[in-house]
Amino acid sequence: MKVTVCRKESFNAAHRIAHPEWSDEKNQKIFGACANKNYHGHNYTLSLKLSGQVDPETGYVYDMKKLGELVKKYIIEPLDHKNLNLDVPAFKHRIPTTEHLAIYIYEQLRPHIESRYEIKLILEETDKNYVEYPA
Amino acid sequence: MKVTVCRKESFNAAHRIAHPEWSDEKNQKIFGACANKNYHGHNYTLSLKLSGQVDPETGYVYDMKKLGELVKKYIIEPLDHKNLNLDVPAFKHRIPTTEHLAIYIYEQLRPHIESRYEIKLILEETDKNYVEYPA
Amino acid sequence: MKVTVCRKESFNAAHRIAHPEWSDEKNQKIFGACANKNYHGHNYTLSLKLSGQVDPETGYVYDMKKLGELVKKYIIEPLDHKNLNLDVPAFKHRIPTTEHLAIYIYEQLRPHIESRYEIKLILEETDKNYVEYPA
Amino acid sequence: MKVTVCRKESFNAAHRIAHPEWSDEKNQKIFGACANKNYHGHNYTLSLKLSGQVDPETGYVYDMKKLGELVKKYIIEPLDHKNLNLDVPAFKHRIPTTEHLAIYIYEQLRPHIESRYEIKLILEETDKNYVEYPA
Amino acid sequence: MKVTVCRKESFNAAHRIAHPEWSDEKNQKIFGACANKNYHGHNYTLSLKLSGQVDPETGYVYDMKKLGELVKKYIIEPLDHKNLNLDVPAFKHRIPTTEHLAIYIYEQLRPHIESRYEIKLILEETDKNYVEYPA
Amino acid sequence: MKVTVCRKESFNAAHRIAHPEWSDEKNQKIFGACANKNYHGHNYTLSLKLSGQVDPETGYVYDMKKLGELVKKYIIEPLDHKNLNLDVPAFKHRIPTTEHLAIYIYEQLRPHIESRYEIKLILEETDKNYVEYPA
């Protein structure tokens, strides 16, 4: 009776995709407009998936209200309406690509959710681009 | 040449999330507004996924018209425009959470689809919450 | 410099479409499955539109945070996770069709928003059916 | 035989909602997280609507390929992957609210589209907030 | 108490955008890939909007079941899974642009809906292009 | 650090689902309206998923601009605004079902993407029907 439950949340942020040790020319060549120096931004949509046994008493795999509070505390508050490069310490030395952002979100949440739950997340950067982690 | 084919259908229903042996206070504490005694409701979206070999003659994994008829007969007719707690016998003694509803839908359809097909379903309760079964 | 600003919010509720003075047979004939006696339900999506002049200082037509608080207080709290027929006094003697619900929402909000704003709303009951009020 | 034709395009940008002559405290009080000093960002969706007579020869109100090129040249290129406050001269002294951005887009396009066409646009900043101009 | 009620339906069809009296070269120049001689196709989404008084007895502007039947009979059956150029007599001598198709749909439905209802429709050809008629 | 990156693209095409060696009657019986002889069509949405290690320098699993160019060259150009049965050699003797089309797209792209990437794709034919390959 293992079920996967999923919760979608949104946040928006500015970022710039550029390697801090590369020249502007190289960054522009590799990352194109994503490297523009004054930042651009996105509405991110996060789908958080937890797989686990259904609790026989409540019929829930996980209390969605509790999950919502964890996401709010560890993800939305530090990321929403922020500049990922400037405001989030983890991205001082790590390029804030969607891949890195998904791994970061996973690492922030994993310690706060019991290990018996398998976690997977989908992070949409635009209507055309999204990532899944772990693969 | 194994392909997964998916079909989306919708239905809407009323329900109440409450343990029949718990007090109103306890139900309200655990389930919040979902336990409100006069029911609330949702537009559910069901995505039914069948994985199997492509038939070399038709190019189909499964006849979608036949699948649509099975879903109509075993899922839409008994659930659509119904009160899950009062009108669906399976939920007389089983809380109609999305998890339980997904398992119920799977159990209703599984006997009518040949065992060579793997079945998986996604059940969306709102734009923010959905479940997948089996996990 | 008149701009229309729009805000989308969601709530879900149970209801039954039936005339209190008609027989079950007549209600079933006129309203079909919508008249089922134990209620069914929907995820409603409300788009609230305010037309007005842009404030030259803030660049806003209306403070969306304030609008969100009004919608929460006068619409979401009385309707969300409720049974429209049983829990909302206005629908004791008024069939809770989407048309009536849209007019009700308009009447609840209109007194709390300055008359210099024109108000229009879109209320979606399902992915296929929605209403606009005023027409 | 007047028809409205609509074209949807997307771009993303960073911005900050803050009055240049107000203190940080006042900006934070009026604009909340939108005033965060390091910017945040959005995926904007623009729907451009042109109303006019159907050309009896082509069956078109307007050549969508030509409209796409105008939008690309006058809207997407100057705004996409940009910081509205820093990179777009019009917003040096004008707060880049969605209202102002919609008026700006209208003013950029209007001179390039024959006056016999009525223009209206919808600009979505997030899934929950959008504006229409002219109202 | 005038409300607009809206109903969304879908159909799909093949078509080719080409003037029957123009050369292939001219059609290709004016219409691009839309003029390809072996046809291409779309999933069309039709939103039909009726504005009228709310019936004080039923709370309905129009019986959606009856509207669904009219749309099925006069629009879906003649257009769905068809080639607009070859299978629909009205497009033998009229280029099946979205503009013309919207006018055609309006003309098919208007005689079957009482004149006290104002009718307006939205016809989406792709996620990026749609038309409204009347403008 | 294995992440799945996904890219969505669209194209539209005409097709007919019919076995070339069957009678019209048999095709109509097995495939219904999909066998109509003058073709119909769809807006297809392709989600291409690549799973692989995150490049420690760029923070990318795969350069999305390069992926976009591959999809444009090998998928969009040969399929968009085409008749699958008549214009695409692979479907001269293979029924263009969504299953077959998904396998075809996979086979076209696989040789151009390094084997260390796992590829999976989702192909949507309508809002209700889609396939995943490999299953």
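The letters A, B, C, D, E and F name the chains in turn, as written, and every chain counts its residues from 1.
The criterion applied here is as follows: a contact is a pair of C-beta atoms (placed from the backbone, for glycine too) under 8 Å apart; a residue touches a chain by one contact, two chains touch by 3 or more.
Source: prediction; values computed, not measured.
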Comparison of A-D and C-E (more C-beta pairs in contact): A-D
Equivalent interface to A-F, taken from A-D, B-C or D-E so that over half of the residue contact pairs match: D-E
Chain centre separation (chain D, chain F; CA means) in Å: 34
Chain E-chain F separation of Cα centroids, rounded to whole Å: 28
Shared-contact residues (touching 2 or more other chains) in chain D: 127
Partner chain D, residues of chain E touching it in the complex: 17, 19, 30-32, 94-100, 102-103, 127-135
Touch list for chain E against partner chain C, complex: 1-9, 49, 51-52, 54, 57-61, 64-65, 118
Interface residues, chain A side, partner chain D - complex: 10, 12-15, 33-34, 36, 38-43, 80-83, 86-87, 126-127
